[in-house]
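By letter and in written order, the chains are A, B, C, D and E; residue numbering begins at 1 in each of them.
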């Protein structure tokens, strides 16, 4: 026989934890972690990275380059549904970040949108659904929605003055208001949402996704990470000026000044996965009614929540 | 070997690759990463039945052909002028080289902020195809047998006839190979531009949807649609060329 | 007017082919160039045809002339049939009907009427040469340049073509510059024979033959002697 | 015309286009859409001074060259085998055609979920370049003068020498033109793949950042970097080729 | 062993060139093919060289033979110099030093030693032909195919080359198939002359000449008569 002694697994084997977040609001809450690099114990090394595109994060989760990532909530559901539950939701980290931006003076309330032309980025995206949901509930029908590909192109039109009314997410809202002084926030979509659904309702837009295989192998790492992450978010919300400096340092936003303006309007939160189920179920249902594909076909079940 | 045997052999070779794909996909057993050919075909059937299917294909084709046709005609005409006039060549050459070396993705990003999303794929196709056809025409003229041109000059054959009977047939293979490259490339670039610009009816928008919704089967199925259409084009184009070239070689 | 070349200089890189070279080709006569391979004959007629540049010198007598040229290689257009190859050079000269008649008669002359729809790649070496001859003869020129025109032809065909050529020439004389390596053929056809040699090229000898072309008999003493003489010079 | 005059003329022609750009940009007066050449150059200077600049270029180049080199070597070797063995050709042809007609964007999307993001641009470059080199080698062999090969066969010249002295010189122009196309293309596609996969040090990631931060000047500046590098390559490659081709035509 | 062709059939599309054709080329003799342009001579030697397919028939006597072939066109490799063009076919045959010596002596023979570093495009028509001759002669063959080998050469050079050729041949005889249109040259060189004609090709006449090659004098009665006779047959 050619049996060969298999070396017993050495205790001291290194565990690499790869954590990624996105540029923009979902990443802002993580700066304290990025800065401190808290110790997760011996032989555990946590690598942080900042990515630009949600799609890319998705790919990197799929190819196992990343274990823990901050993602849009609908993407979390898609990943869960499409991989027979290989990915789980760790926590909700961002509520809504949508605003109506304008250079006009005649837009004060949602009803003023009647008979107007508004720019919205990416038809069929989550912001589009939420916006349409709100318009429906307010019976606003005479509105001309102009779809523009990508937030950036819409932002360019606002900055150059070629467009005077648009729906945008953070940090583009802050960016355009900084680059063109005529622009201001006319409406907070989150507020409009609460006006319809009740004051305790929120739009959960961003969350933490964990690779299930990783979570099963290293539960204590995940536990500790979530705790540290919660602290980081809290710190960011409370120490805007310092956090902004870090945000610039880690290139999550191009400038600290922008971050200072963006943080308060980005609704950073930490909601435990178990506590978020109710909120997410309702949110997913809303999306499902628009397009089931946008959450991967069905509302994720119990085991989606870590 | 009879024609039917050759066909059979070709089919066997193609089957070889499909079976290889099936084996790998089954072995991997992860539909999000690599769907089996069978599931891809299933997804293809689903796609074909959706109501926007033919419209999407039609509009994508329209964009590709518009871009291609403009490049084809301008490429040949301007290419000929550049070949016979040093100044025009020197003026255009840096522009063509620059266009050639500009990453498509930059062009798409820039143009998306300039133009309507339906037009961007056409412009991109043009910018991809024109330099190739232009270069091939210039190359073709260069490679024309000078001794035949000399012969024609001695016999005082008119410029028009020299162009028609010596230069054009000489550059024809270059134009054909340029057009083939170009058709394949333009087609792919147009789809890429669509993915990024997502005009209403377009194959690209469907690819984009498949991507963001992680529907790998339909990503594969739409990709297959592109490949199949590519094959049909190439076949069609070669067929036309063969008809036109009868008598020439 | 005759063609006069005065003080011609021409080199390829270091190779000086012509140095202060002078020659005069008589009007409406057959001027033959005899000379060793590589001496510069093709170079000279390429210069006359306007296809080669030269370093310095003068060429007179080429204005408003139509030139026919039987090149050293056939130079047929591969994607045109035998018929169309000839038609190609006649297009600017005659209208369709006239062209058809001219092409047919000249294909007859070189015995290729049955092959008019063949493409060059399907012809034998001698057949290609004959197409080139037919093309040159059918073109309405007043100068005819011929670079070894009858090579690759069998004896009897060559005889026929030469006879037809003489007839055509006598009906409508033109200035002909004829390069050959065949002393016999040059004796049959030439009014003047220039024997070239050396490098840079020099004219070793100029020979004039006045006898009527169609009456020349090469077995006559005069021609046998002449042949001997030329051979000794080459 | 003296060499210096020619150079001067070329520079004038290039200046023509730059001035045209300046005029349009000033006329448009919209920096977010179209920055002026001057501002682009300024942005370029800023970029060059950032610390990641040379690293980004270095790693992007490394990816492009790795992809290119693998395609180049495999393309020539496999191309030669396919040319001389009908079966290999028939087996590979459908694969090559499929790769050629698959939209890069699909490939990028698919591969991103399979491989590490730093590798994807290399693979994409390979998949772009290999079919072109392969096809050009096959074409080159096809276009080799059969009468010379016949001659060599009569004289019982060894296969090796026929390959070396007849086939290789004949396909050389095809390989050169294929490589030129390929270098330009691979380069652009690699950058596109980088934009979508954003590996750590990469030009593509910078392009993407410029895009999302709406920094049009730096988008133009990075694009300019790509174009300039393209020019340098092409020049360099042509120079090498000229050295190697001495004696051949 | 001689080369025997039995019941050869060969057509191009509708054109039947050979139909049940038989011919035998004698071993170590010079077998000449005389026949009109386009009759099928090149086709036949291409078949013997293994370059053309034929529809049916047998060819005997080609096993283990080395063949030299002077093609109807020079077929030089454009990117190799004159020297390297010859070296190319000798590579498998001799080692470097021997090759060098062979190439130099054969370039001498065709009077091209000064042009050994030229590329084909810089040679005149006759010079290319001479390279092709040198290549064929320098190759160690026992069969030599020559398709109008001496065309485009001037008289004196041709005479020299033919004389050298006879010497080479006598020192080391080989089976030679020689296509020409020159009756004189065929009389000078041939052991056997086959006169071909018609379509499909037929052998009209087979003529044997037994006189020593180096002693032949074409002005003798015998050869003059023979020439007359052959001319009448063509």
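One rule holds for everything that comes next: a contact is a pair of C-beta atoms (placed from the backbone, for glycine too) under 8 Å apart; a residue touches a chain by one contact, two chains touch by 3 or more.
Keep in mind it's a predicted model, so treat the numbers as computed, not measured.
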* Count of contact steps on the shortest path from chain B to chain E -> 2
* To do: Go through the assembly and pull out the chains touching chain C as well as chain D.
  => B, E
* Structure fact -> For chain A and chain C, the contact-path distance works out to 2
* Structure fact -> Heading the list of chain pairs by contact pairs is B-D
* Asked: What is the distance in Å between the mean C-alpha positions of chain B and chain C?
  -> 50
* In angstrom, rounded to a whole number, how far apart do the mean CA points of chain A and chain B lie? -> 39
* What whole-number Å value describes the gap between the mean CA coordinates of chain B and chain D? -> 18
* **In chain B, residues with contacts to at least two other chains** => 32-33, 113, 196, 211, 216
* Asked: If you look at chain A, which of its residues touch at least two other chains?
  -> 55, 58, 62, 152, 156
* Two or more other chains in contact with one residue: find those residues in chain E. => 73
* To do: Could you list each pair of chains that touch one another?
  => A-B, A-D, B-C, B-D, C-E, D-E
* Can you list the residues on chain A that touch chain B in the complex? -> 55, 58, 62, 75, 78-79, 82-83, 122-124, 149-150, 152-153, 156-157, 293-294, 296
* Asked: Mind pulling up the chain B residues that touch chain D in the complex?
  -> 9-10, 13-14, 16-17, 32-34, 90-91, 93-95, 97-98, 100-106, 109-110, 113-114, 139, 177, 181, 184, 187-188, 191-192, 195-196, 204, 207, 211, 216, 219-220, 222-223, 226-227, 230-231, 234
* Asked: Can you list the chain E residues touching chain D in their complex?
  -> 49-51, 66-69, 71, 73, 75, 77-80, 88-89, 91-92, 135, 139
* Within their complex, state which residues of chain B touch chain C. => 147-148, 150-158, 161, 165-166, 169, 247-249
* Parts of chain A lying in touch with chain D, wherever the complex brings them together -> 23, 51-53, 55-56, 58-60, 62-63, 65, 151-152, 155-156, 159-160, 175, 179, 251, 254
